[in-house]
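By written order: A, B, C and D. Residues from 1 in each chain.
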Amino acid sequence: MMMFALPALVLIPFLGGFAAWIAGLRGATRPAWAVSLVTLILMLLVLVNVTLASLSAGTGGWFAHFSMPWIPLLGINLRFDLDGLGLVMLWLNALISFPCALLSARNVSERAGLFHFLLLSTIAGINGVFMATDLFLFFFFWELMLLPLFGIILIWGDAGRQRAVLKFFLFTQGSGLLMLLAILGLVIVNAQRTSVITFDYFLLSQTAMITPVAGVLMLGFFLAFAVKLPMVPFHAWLPDTYAASPAAASILLSGVLAKTGGYGMIRFVVMLFPGPAAHLAPVAMTLGVVGILYCAWLAVAQSDIKRLIAYSSISHLGFILLGVFSGTRIGMEGAIAQMVAHGLSTGALFVIAGLLEDRLGTRDMAKMGGLWPAMPQFSAFAMFFAAASLGLPGLGNFVGEFLVLMGTWQVSHTMTFFAAAGLVLSSVYSLTMMLRVFFGPRRSEASSPLGALSVPHVAVLGVAALLLLALGVYPQPVLNLSVPASPHSVSYAQEQAQ
Amino acid sequence: MSFSFLPNAVLVLCLGSLVQLAAISWRRHVARDAVLCVIVLLASLASIMLPTFLIMTGSLPLFSSDSWGSYAGALIILSVIAIVLMSRHGAISADPSVNSEYFILLTLATLGGVAMTCAVNVISFFLGLETLSLSLLGLIAFRNERLDAGEAAMKYLLLSGVASATLIFGFALIFAETGSLRFAMPDLSHLPEPMIGTMGVILVLTGMFFKLSAVPFHLWLADVLEGTTIPVASLVAVTSKIALFAAMLRYFSSVNLGVPSAQVNEILIVAVLSMLGGNLMAVVQTDLRRLLAGSSIAHVGYLLVAFLSPQPFGVASAAFYLAAYAISTLGVFAIMNGVLPQGRDIREWHGLFRRKPAAALAMSIMLISLAGIPPAVGFFAKFYIVAAGVSAHQILLLFVLILSSTIGLFYYLRLILIMLTPAPEGYVSRAELSMPTPANATLIAVLACATLVLGIVPGALVDRSQGIVVTPVPIPVHSTIP
Amino acid sequence: MNAADPNGALIVAVILFSLGALGVLVRRNLLFMLMSTEVMLNAACLAFIAAGNRWHLADGQVMFIMIVAFAAAESAVGLAIILRMHAAGRATLDADTGNRLGG
Amino acid sequence: MTPIPAIVWGVSLVATLLPLVIACPLFVSIILMLTGGKLPARATTLLVGAGMGLCALFAVISAYSFLTGPDSLGALHVVLWNWMQVGNFTAQIALSLDRLSLVMMLVVSCVGFLILVYACAYMYDDPDIARFFAYMTLFVASMLLLVLASDLLAVFVGWEGVGLCSYLLIGFWYGEQANAVAARKAFVVTRVGDALFLLGMLLMATAVGSLDIPTLLAVGPHAPSTTLTLGMFLLLGGAMAKSAQVPLQTWLPDAMAGPTPVSALIHAATMVTAGVYLLARLHGLFVLTPAAMLACAVVGFVTILLAAGSALVQTDIKRILAYSTMSQLGYMYLALGCGAWHAAMFHLVTHAFFKALLFMAAGSIILRVHHEQDIFKMGGLRKDMPWVFTAFLIGSAALAGLPLITAGYFSKELILGSAYEVSPIFWAGALFGAFLTSIYIFRCVFIVFWGGHRTHAHGRSGMAMALPMAILSVLAIAGGWMEMPDAIANVHIFSNLLSPVLGALPQEHGTSLLIVGSLVPIAGVTIAWTLWRPRDVAPTPAESPAIATLRADWGFDTLYDRIFVRPFMVLAHLNRRDFIDRFYDLIAALTQGSGQAIARLQSGQVRRYAGWIAAGTVAALCLAV
C-alpha cells in the first residue's frame, strides 16, 4: 500500500485540480472550492497514512519507495523515495496549502475552477519535488511547479505583476537550466565510469562521491537552489513577486516554494557532494550572513507591508543556508526546524498582509496605523506572528535559529556574531511593522469599515499559532523525524530497487 | 558497380504530382485537388514504411534509403499534410491563395524535400534543393494580389539565387579537387590543394546556412515570413529547414565533427550567433511573424548544437528536436491561421484567454514547448540536446544555449502574458477573430495533444530516434589525375 | 595556356563568380541583380566543366546542364514575379525603394 | 553529572506546586487573551486577584515545605519535559528550587501580587483592562519561569518573555506614537543585550555541552579560562541591558511611558533585577573571571553616579524614580562585582520593597492630580493626601537609606562595606552616590509635598490601593531588620538563608564605615531642605545647557541617535530600492538594446542582406585560410 501512496500524493492533487476545474466551469465559485478542499483533505489522509507507516518503520533512513520505468532507453524512471526530511516537507506543504484554498474563497471571485486547478497542480508539483529521487523526474517537477503559479500570479495578481512574474520566471528557469547541465554532467560522468546511463539518485551518488569534477557539478545545483531559496545576491525576484502575488500565491511562495530551495540544498548539494560542499561552505555561509543582515536592513526601509515581509523572509532564509552549510548535525536540524517554522510564521504574516490589503485597499504602511482598536483580535494575531518572526523563545522560529546559531558557532564565531546581530535587526523591523500598522493614532480614515475576522481566517491563524507554539515548546518529534537520510544509507526501499 | 535506390516516397510523389496535373488539366476543382494532395502525401508516407520497390544498378548512386532519410522524409511529409490542413482557410473560392496549383506546388516542395533527405549525390541533392526552392518561390509569390508577397518572393528569389550559386560553386570547387560528386564532405587532408577544397566546403556551408537561415545569413527569413501567407510561412520555417538540416547532417556524417577544423569552427560560431541573435532579435519584435522568425533562427542554433555533438546522442537528439520543433511551430502557425489571421501585431493577442480560451490554451502549450518548459515536448527536446552537448563537452555552446534560452523565455512568456491580460487602453484592435475550419481545428487539437503527450511520455519517440543511423556516404578520395 | 587547363579555368570561374556577386551588391535594378545571379551560376557551370575535363568525367557536363536548366527556371520565375509586382502596383525596378517589409 | 536529585513532576508537594506557581498567572493570562476583553472589569479583577493570590500562596507553601524539607540545603530539580535534544546537546524544561531562587520567587510572586492588587484599582476604569492584565500576568509568569528555570535556555525563554511583556506594557497606551516608540526602543535596546546573552549561552553550551545551570556550575570551572571570561563578559552584557546599566541604560527612562503599576512591577521590583539574579545564580563561574567581575563593578560604579546625577535634575516624578532605580541597580552590580552576593541579593529585596512602594505612591499622586507628572506643578500635597505622603516618605527614606529605621540603610551598608574591601574608590563613589540619592529624592519630597498648592488633588485612593502600600511601607522599614551588622545587632537571617548557596558572609569591618555611611544620608537630606525648603516663591527647575544635558541622561540618547540610529535609517532609505535589483534591471536594458541593434539589421534592403551573406562568406573564408 505504501508503494502507491507516494505517486498518489502527486496524482490526487492533480486530478482533484482537474475535478475542481470541471466543477468551476459553470462559473460557480462554491463547488470548485469545495472540491479542492476535499482533495486537500484526501491528500492529508494519505499523508497521515504514510506518516504512520513511516513511524512504525522507525526514524532515520528511507521509509517508502516507488519506482516504475519512464524512459527506459535513457535510464529514466518514475522513482519516488521518502525520508524524514521529505516527510516533514510534505507536511509543511499540506499545511500551507489549506489556507491557500480556504482563503481564496473571498478574493478569487471569478474563474475559481481554474484557480483551484492551478493551485492544486502547483501543490502536486511541490509534492513531487519533495519525493522524486530520479534526477530527471526531480527536474521535471522542479520546472513544473512554477508554471501554474505563473498563471495564478498573472491572472489574480496586483499591479506590476507582469514585470514581477517575468522576472521570477527568468531567474528560476535560468538557474534551473544550470542545474539541468549539472544533472546531465553527472549522468554522463557516471555513464563513462560505469557505462550505464541512469538518473537514479542513489546510483549517481556513488559517482558524485568520487568524480573529480564534482565541484563544478555541485555548483550547478547550488546556483539553482540559491536562486530559489533565495540567497543574496540572487534575491532580486522575490520582493517584486511576493508583492505582486495574490494572497494565496504569496503564502504558497513564502511558505513552501522557498523551502524547496533549502530542501534541494540538503538533498542534492550537501548529501550528494559532501566534499565540495564543505569547500563551498565558507562562501555559502558568508552569503547567508550577508543575506540575513542586508535584507533585514532593507526590510526596515520598506513602506509596502508585503515587501517588508518579503525582505524579512529572505533574511530568515539566510539562517537556513547557514545551518545547512555549517556541516554540523545540529545546524542541519536547526535549518530544517527553521524551514518549518518560517513556513508557518511567514505564511501567516502573508495571510495577515493579504487581509489588510483586502480591508484597507492598500499595502502602504504610511496609510495605515492605529488599527489595533479597529481589529483587536486580528492585531493580536499579528503581534503573535511578529513575535514569532523576531525569534521569541518558546515559538518555533527560536528553536530553528538557536540550533542554527549553535551549529554555526562550532564553525565560526564571527559569523555567529553577525547572525545574532541579525536577531536584533529582526526585532527592529518586526516592531516597526507593528508600530506603523497597528499602533499610534488612527491614520486610515479612508479605509473601509473593518469587520471582524471570518471563521476561516481565525481557524487558519489559530492553527498556525498553535503549531508554532507546539514547535517552540516541544520540537523534539520534528527534530527526530526530520533526519535527512543519506543516499548511501542502504534502506529496504533501495534493496527493493535492486 | 554500386546499387542505387529510388526511394518510394520520391517515386510516389512524382507520380502523385503527375496525377494532380492531369486532374487539373481535366477539370479544376480546388476541394478535390486538396483531397488529392492529401491522398498523395499519405500514400508517400505509407510508402516510406515499405521496402524499396525500385533498385536500379548504375555507376552513379543518387539516393540511399536509410533510417535517417526515412525519418526526416516522414517528418517533412507530415508537416506538409499539416500545412495542407491549415491551408483550407475560409471559403475556397473566396481565397485566391488556395488554387489547384497551390497543392501541386506543395506536392513538388515535398518531393524536393524528400529528395534532399536521401540524396547521396550532389546532383540529386541539387535537384531536390532547387525543386524545393522553386516551388517555395511559387508559393511565396502566390498571393499575387498583395504587394508584400511579390516583394517577399523577389527577395527570396535573389538571395536564394545567390545562395544556390554559392553552394553549387562550392560543389564545383570540391568536384574539381576530388573528381567526385558524392554528397559527402571530402577528406581535405588528402587533397592536392587543400585550400581550394576548404574554400569549396566553406561556400557549401554558406549556401546551407542561408537555407537554414542561420545568423548571419538569416536576414531574409523575417521578411519572407512577414510577406507571405501563414501556411507558406510555416512551410518556409519548418519543412524546408527539416529537409536542409537532414541533408546537411548527411553531408557531414562521414567526418568527425569533434576535432576542430575550419568548417567546424565556422559551424560553432554560426551556432552561437544564431542562438543569441535569433533570441535577441525576437525579444524586441512587435510583429508576431517576425518574432517567430527570430525564434526559428534560435532553434536552428540549438539544432546546430546537436549537429556538433557526435554519437550516441547527436543524431537522436537532433531527430527528436526536429520533431518537437516542427510540432510546436506548426501549432503556433495553425492557431494564428485559424484564430487571428490578421493578428500580426502581438497586441492583437491581448485577452485571447477571455475571448477564445481553448485556442489561447493551445497557443500557450505551443509557446511553452518552444520555450522548453515541461510538460511540453519542447522541454524534453531541449533536455535531449543538452544531454548531447554535455556528452560532447560543448561547454561554450551549452552556456550560450542556456543564456539564450533564458532570453528566449522572456518573449515566449510575454506572449502568454499578453494573451492573459486585457488590451491596454487606447489600442484599437484591427484584427477580428475568426472561427477555425474543422480541419484546422482538428489539426490544432492533434498538435496540442502531441505536444503534451510526447512531453510526458517521450519514450516511444526516443526509442525511434535512438534507432536512427545515418549511413555515411563513402568519402570521396583523391583519385589520381590521369 | 589552353582552354582546358583546369586551374586557369577555375581562376576565370572564381573571377566570374566574384563579378556576379559584386553585381548583386552594387546594382540596384532588380533585373540586373537577377542577371548577376545568372552570372554567378554560370561561373559554377564553368568550374564544373573545367573540373569534368580535368577528371575526364561526364558528371561535370551533367551538372552544367542541370545548372543551366535551373538558371532558366529561376530567371523565368523571377521575371514573372517582377511582372506581377509591376501589375500589383510597384512602379519601380529599384531594389532599394518601395520596400514594405522589414524593420 | 548533576549533584541534584532530579524529581519528576508530581511526586512531592513542592514538585507539584512549583509548576503551578508559574501556571497560575499563565492561565489567567491565557484566559484573558482568549476572552478578548469580553469579561467585565469586575470579573477580570477578581480573576487576576485570585490567580495571583494562588500564585503567591503556592510560592509561600512550596518555600515553606522546601525549607522544612529534607534537601533544604541543596536544590530541588523538577524536570517537566525534554525541550530539544540534538546530537550531544540537550535542553530541558526543568525547574530548580534552591534558596536563591526561593528568595527571588517569593519576591516576584508576593510583591507582584501586591502590585497587581494595586493595579486592579488603578486601572479599573480603563476600557482595555483585560488586555492590561493579560500582559501583566503573562509578565509575572515569565518572570517566575526566569527565576525558577534550571536550564539557561529556559531562563532565556523567561528573559525574552519578560522583554516582550514590558514592550507590550510600555506601549499599552499605544494611541500616542511616543509610547509605542518608547516601547520599541525598550525592546530593541534590551534585545542587544539578549543577543549577547545568546552568544554567551552558545559559548557555554559548546564549552560545557549543556546549559543546565547546576551542570554549568559543576563543569564550567574546568573550561579554559579565556572561554570562561569571554562567556561571562557576554552574559554580563546581557544582564546589563536588562538592568539598564550604562551604557545600555537609555531605554529605562522612556519606559516610564507605561501605566504606573507597570513601572512599579517591571522597572522597579522584578524585570530589571533579572540581570542581578542571573549573575548571582552563576556566581560560581563569575568568581573565576576577575576581569568580568571588575568590569561589572566598574559598570555599577559608573551607573550609580551617572544615574544619580541625572536624577538630581529631573522634573518628572516618574523619571526621578526611574533614574533612582538605575542607580540602585548600580549598587547591586557594584556588589556583584565585589563578590558580595549576599549584599546584592539583600539590596535587591529591599529595593523591590521600597521602589514598588515609591512607584505606588507616585501612581496615586499622579492619579489624583489628573495625570500631572511634573513635580514643579505639584506642591503642598502633604495635607491633601497624608497617607500617600507617609508612604512616599517611608519609601524615600528607605531609598536614601536613613540609618537604622529603613531597609535601604542595611542593604546599602552591606554593599558599601564589601566595596571598601575591594577598593576605597568604589566605597567613596558609592558613598557619594548615596549622598546624591538622599538629595534628589528629598528634593522631590520637599517640592511635591511642601510649599503652597499649585494643583489641587481630588478623590482618595481606595482600599485596594492603600493596603498594598501599607504592607510595603512596613516591609520598607522592617525588611532591613532581617540582616544587621554585628555593630548594631547580631541578626543574620537573610545571609544564613542564602549562605548554603552563596557561601558564607564575609566578616565585618569596623564601625567607622558604618558611622560615615549613616551620616551621609542625613547630610543629604539637610542639604535638600536648605535648597528646596518651602519659600514664598514657587520653586522652578534650574535651567542651563549643562543641566539640560544632565537631564537628558548625559546625552547618551542623542549620541546613540547620531552614531547608530540615524546613519542606519538614512542609508536604509537611500538603498530602499536595493541596488542589486537595479543591477539586474541594467542587464535587462542591455539585452533589449542589443536586440534593437540586431533587429535594425533587417532594414528590408535586399542588397544589404546580400551584403551580409557575402560578408559572412568572406569572413568564413578568411577564418579558414
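Basically, a contact is a pair of C-beta atoms (placed from the backbone, for glycine too) under 8 Å apart; a residue touches a chain by one contact, two chains touch by 3 or more.
For each chain, UniProt lists the protein as follows: B = NADH-quinone oxidoreductase subunit N; C = NADH-quinone oxidoreductase subunit K.
Not measured: the values here are computed from a predicted model.
Chemist: Could you name the chain whose CA centroid falls nearest to the centroid of all protein CA atoms?
Modeler: Central by C-alpha mean position: chain A.
Chemist: Please state whether A-B or A-D has more C-beta contact pairs across its interface.
Modeler: If we tally the C-beta pairs in contact for A-B and A-D, the bigger total goes to A-D.
Chemist: Distance from the CA centroid of chain A to that of chain B, rounded to the nearest Å?
Modeler: About 43 Å separates the centre of chain A from that of chain B.
Chemist: What is the distance, in whole Å, between the centres of chain A and chain D, each centre taken as the mean of its C-alpha atoms?
Modeler: Chain centroid spacing, chain A to chain D, equals 38 Å.
Chemist: What's the distance between the Cα centroids of chain B and chain C, rounded to whole Å?
Modeler: 25
Chemist: For chain C versus chain D, what separation do you get between their C-alpha means, in angstrom?
Modeler: 97
Chemist: Send over the residues of chain C in touch with two or more other chains.
Modeler: In chain C, residues 21, 24, 33, 95, 99-102 touch at least two other chains, as defined above.
Chemist: Mind pulling the residue numbers of chain A that touch at least two other chains?
Modeler: Residues of chain A touching two or more partner chains: there are none.
Chemist: Can you pull out the residues of chain D that are in contact with at least two other chains?
Modeler: 599, 602, 604, 606, 610
Chemist: Just spell out which pairs of chains touch, all of them.
Modeler: Inter-chain contacts occur between A-B, A-D, B-C, B-D, C-D.
Chemist: Can you tell me which positions in chain B touch chain C when the two form their complex?
Modeler: 60, 122-123, 126-127, 130, 134, 137-138, 141, 144-148, 150-155, 157-158, 161-162, 164-166, 168-169, 171-173, 175-176, 179, 181, 196, 222-223, 226-227, 479, 481-482
Chemist: Any idea which chain C residues touch chain D in the complex?
Modeler: 21, 24-25, 28, 33, 95-96, 99-103
Chemist: Sort out for me which residues of chain D touch chain C in the complex.
Modeler: The contact residues of chain D facing chain C are 599, 602-607, 610-611, 614.
Chemist: Give every residue of chain B touching chain D within the complex, in rising order.
Modeler: For this pair, the touching residues of chain B are 154-155, 158-159, 162-163, 166, 195, 198-199, 201-203, 205-206, 209-210, 216-217, 219-220, 222-223, 262-263, 265-266, 269, 277, 280-285, 290, 407, 410.
Chemist: Sort out for me which residues of chain C touch chain B in the complex.
Modeler: The touching residues are 6, 10, 13, 17, 20-21, 24, 30, 33-34, 37, 40-41, 43-44, 47-48, 50-52, 54-57, 59-60, 62-63, 66-67, 70, 73-74, 77-78, 80-82, 84-85, 87-90, 95, 99-102.
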